[in-house]
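Below: a set of structures, written as structure tokens.
Below are two complexes that have subunit A in common, paired first with subunit B and then with subunit C.
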Partner chain A sequence: MKKKIGANIYLIAVFIILYAPIFYLMIYSFNSGGAMHDFKGFTLEWYKEVFHDTRLIVIVLNTLVIALLSSAIATIFGVLGALAIANARSRRTKNMLLTLNNVLIVSPDVIIGASFLILYTLIGIKLGFTSVLISHIAFSIPIVVLMVLPKLQEMSPTLIDAARDLGATRRDVLTRVVLPFISPGILAGFFMALTYSLDDFAVTFFVTGNGFSTLSVEIYSRARQGISLSINALSTLIFLFTIILVIGYYFINRKSVRPNGVGMRQ
Partner chain B sequence: MQNRTRNIYLIPYALWIVLFVVAPILLILYYSFFDIDGHFGLVNYEKFFTPVYFKMALSSFWYAFLITAICLVISYPTAYLLTKTKHKQLWLLLIILPTWINLLLKAYAFLGIFGTYGFANAVLGLFGIGPKQILFTDFSFLFVSVYIFIPFMILPIFNALEELNPSLTDASRDLGASPWTTFRRVIFPLTIDGVKSGCQAVFIPALSLFMLTRLIAGNRVITLGTAIEEHFLVTQDWGMGSTVAVFLILIMALIMIVTGIRR
Partner chain C sequence: MLAEQAIIRFENVTKQYDEDPPVLDDVSFEIERGKFYTLLGPSGCGKTTILRLIAGLTEPTKGNIYFNGKLVNHVPANERQVNTVFQDYALFPHLDVYENVAFGLRVKKMKKADIDAKVKEALRFVNLEGYESRKIQEMSGGQKQRVAIARAIVNEPEVLLLDEPLSALDLKLRTEMQYELRELQRRLGITFIFVTHDQEEALAMSDEIFVLNKGKIQQRGTPTDIYDEPINRFVADFIGESNIIPGKMIKDFLVEFNGKVFECVDQGFHPNEPVEIVIRPEDLEITEPDKGKLRVRVDSQLFRGVHYEICCYDEDGNEWLVHSTKKAAVGEEIGLHFDPEAIHVMRLGETEEEFDKRLESYREVSHAK
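This part shows the complex of A and B:
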């Protein structure tokens, strides 16, 4: 019994440490004192400031446009990639493709960012919206592949044979049999790509150049200048948005398989 | 017939692999041979082994090692106790939830907590210790890093513990092993894979996350990631930055071989 109490205290302490900073941040977004200490009184002033900051609103819109566009395009490429891997004839090709696929997932963000910066400079892509969009598509593709592939492997090949025997063309097999079957995986892949894109800082920071900014880059440059409670207000809003996304994700995920460990982002 | 379909799927995907996986790595390697004036040679590699860079690399390693070790010490018991709770999936979800919140925001929160008048100093004040400089020290860097990486250590260990057959621990106890022996000889060896993937998930980012050192550690701690960012975006010495990146890639490959590729 005594042991049990000790165990509970330990767990509670871990949870407190995990959540305290987040709540600390949120509580002070209502502080009229203007600093992240000495809570003076309740105010919504910082939220007003966030909503009146047109530059910030443009940046939020940029971030959303990049996230939606990049994850939509990455989903298309990712589904094609998963099909390519699933249809690979030899085991060796399959493994090689999978290894290459996972390189960008395990690579540190600084390396992805730095190498993409070299790439764009060499090809002559101007840093800004295009370079950020292309980067987000590029690093989201492997995640989509990993989400779709288990669904494809789960699918019984007899389904395709049956469709063929019944006279379906190859196009029909793809659009009427395969795609509907793997659609939960596609949805989960799109969703993961969306969160990866929204969450990314390091890669964007490298390839963004001047003049174009996403939310995380903006938060970084503001945080480097010190504390301003409008960042707290913004964080609280992002936090709420994240919670909604997570709930949405787990709702989608109930129906699809999730490979281990991909559900987290650094 | 089958062959032709496969090729159609493969074309865009292979294009992506060539352009965004293979080419960037080769470009990093290629650039690492050019010094700041554009001369081809091994100058950057020689520079990497001079005391300045070598010390930086070693200290980056040391910090990453400390962060991983502290994370492991905190996370293993947490994961173990989590498997004993009633609604463990819910608790696990609560552990994972903070990882969905942008890392910058969590680091920013600590700017307030560790600030001169922040919560940490207020607590110290209660014990009669005057305000201390906590922010921009090694301690704050270690603390915030551990804070951020803990969930990434807990999850794989939790999964490994869940896969462990409980009859094995029962058998060990029936045969007279003490709880400590059971842990040391049965539980830990059987969950070592989870520990390995946890260490892999913590060590590599701990070497490379530059925003943490910038925001929390001031310029006191320079990791390999900070060095790469500095060379690419501040001093514009892409060659040297690439050289550091090549080493980071090599270390990453080494760690993945040591801890076993499980992804």
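This part shows the complex of A and C:
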């Protein structure tokens, strides 16, 4: 019993330390004092400023478009890649492909960003929306592969035999058995890709240009110019959005664990 | 005419993976319509491989497979009139019971109303009415197995393949399901090919048994044929308990073993041919030491419920297994009596065809008499 209380206290302390900076930032987004110290009074001034900042709103939209597009496209490629790896004939090819995939995940963003920059300048792609989109798709694919692959490996090969035995064509097998079976993995991969894209700073910082910017890059450059509490307000909004995403993900995930048609027929 | 034709025919089928020794070695057989067949053999002997070849989930390395007289070597699984109940059931975990059973009909693009009627009927057949919206994970082992059977029979296959469907069940449920399966086969009137490595199950359920070992069919026949007249040591040993002793066939109807000559009912051997003798433990009767045909000493005994399993040794050190409802005393000397019919003589290294021919020839002789 005592041990449990100790563990709980420890856990709470860890969470306080982790979340304290965020809450500190959030509280001062309501400070009428205009600085990160001396809480003078409550105001929504900074939020107003955020919503009146058209440039900022365009950037938010850019970020969302990039995130949704890149994660959707990356999900398609990632699922295909995972299928290819899972169906690889020889063990060696399988391991090689998997290693290549994992190297992309663990290699530092800075290196990925820099190499993309070099690539784009070499082949002459203009820095901006396209370059950012391509980079985000590229670094998201390995994440999707990593989320989908375990689901594919979990699937017993006799399920495919059973489907074939029941008259399913190869296409039926894919759409009626394999994809539904791995759908939790696909969904998880999509959301992972989405969050990675939303909060990516390093890669985007390298490959963006021509006035195109995403939120993380914009916040960085504004924070460097000097402190404005509108950044706090913006960060608070992003944080809330993330929380909503996480909760949404949790619910979708819970639903997908329960197969369809519960209680539909009697 | 069609009813006479074999529904499945294997012609010298060999299956080999890479450079390994063949999993199936030059196997030929015919399966007739409407019968209950059992493939029986130890683990790894190629039972599942035969089913996969019939289902079209794998192709033979050599030889031909015919279905209703048509060559089907390269016909894919989804185009064959065969359905399988898999060893691990292979039910779709993302679908409920209803959708699992409906799967085969859905991929055939059948009308919704027809699907509904057929699925309900199939579930009624396997006593699973009311379970339509259950998740697979919420079903017990026996129920899962019945879902797997319903999913297969709803497609009205001409042949149903069952790969050790009862191996995961406990003894009671298993016996129950044995009756149910046999009953189901009679009601449907289609061919069942049932795989098991349990000889009692095979003897209880089948019209016809194929005993397999190391990728070859050792013997085929009705349960009584195989039990009473095993072709070789492997079959005698695998099907039921047996006493197998080396001996010598003096001439027709006379065999020598344990240094004595006994009357028997076997014939068609060369004079003084070395043979192996099989006597089933339940055919041995315990008597007074000097009244029996053999004299043995009781070494140990086990109570098996219906009978005692008594292990004895004769003077030459041969082991004799006796099944008796009467208890024996360990260490005691007893006599063993048996009838001439209880002796079954096996020719060493005889193939199935030779065995059948020999049996045939002396059946004719005894008819002529």
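Here, the second predicted complex is superposed on the first by the 233 of 266 C-alpha atoms of A that agree within 3 Å, B and C clash if a C-alpha of one lies under 4 Å from a C-alpha of the other, contacts with A are read in each partner's own complex, and residues count from 1 in each chain.
Please note the rule applied: a residue touches a chain if its C-beta (ideal position, glycine included) is under 8 Å from a C-beta of that chain, and two chains touch if they have at least 3 such contacts.
As the structure is a prediction and not an experimental result, all values here were calculated from the model.
When the two structures are aligned on the shared chain, A:111 is found in touch with subunit B, with no touch to subunit C.
With both structures placed on the common chain, the touch criterion links A:138 to subunit B but leaves subunit C unconnected. In the superposition on chain A, contact of A:33 is made with neither subunit B nor subunit C.
In the superposed model, A:166 makes contact with subunit C only, not with subunit B. Legend: residue contacts after superposition of the two complexes on their common chain; A:180 is shown touching subunit C, with no touch to subunit B.
Touched residues of subunit A, counted separately for subunit B and subunit C, are more numerous for B. Judged by the touch definition given at the top, the superposed model places A:156 against subunit C, while subunit B stays out of reach. Judged by the touch definition given at the top, the superposed model places A:248 against neither subunit B nor subunit C.
Across the superposed pair, subunit B and subunit C both touch subunit A at residues 260-261, 263-266. Every residue of subunit C that touches subunit A in the complex is listed here, in rising order: 52, 55-57, 76-79, 82-84, 86-88, 90-96, 98-99, 103-104, 106-108, 132-133, 135-136, 151-152, 155. Every residue of subunit B that touches subunit A in the complex is listed here, in rising order: 2-3, 5-6, 9-10, 12-14, 16-17, 19-25, 27-28, 31, 74, 77-78, 81-82, 84-85, 91, 93-113, 115, 117-119, 122, 147-148, 150-152, 155-156, 159, 197, 201, 204-205, 207-211, 214-215, 225, 228-229, 232-233, 238, 241-242, 245, 248-249, 252, 256, 263. Note for the complex: subunit A touches subunit B at residues 7, 10-11, 14-15, 17-19, 21-22, 24-25, 28, 35-38, 77, 80-81, 83-84, 87-89, 97, 100-119, 122, 138-139, 141, 170, 195, 199, 201-202, 205-206, 216, 219-220, 223-224, 226-227, 231, 235, 238-239, 242-243, 245-246, 250, 260-261, 263-266.
Only residues 156, 158-159, 161-169, 172, 176-177, 180-181, 183, 258-266 of subunit A touch subunit C when the two sit together in their complex.
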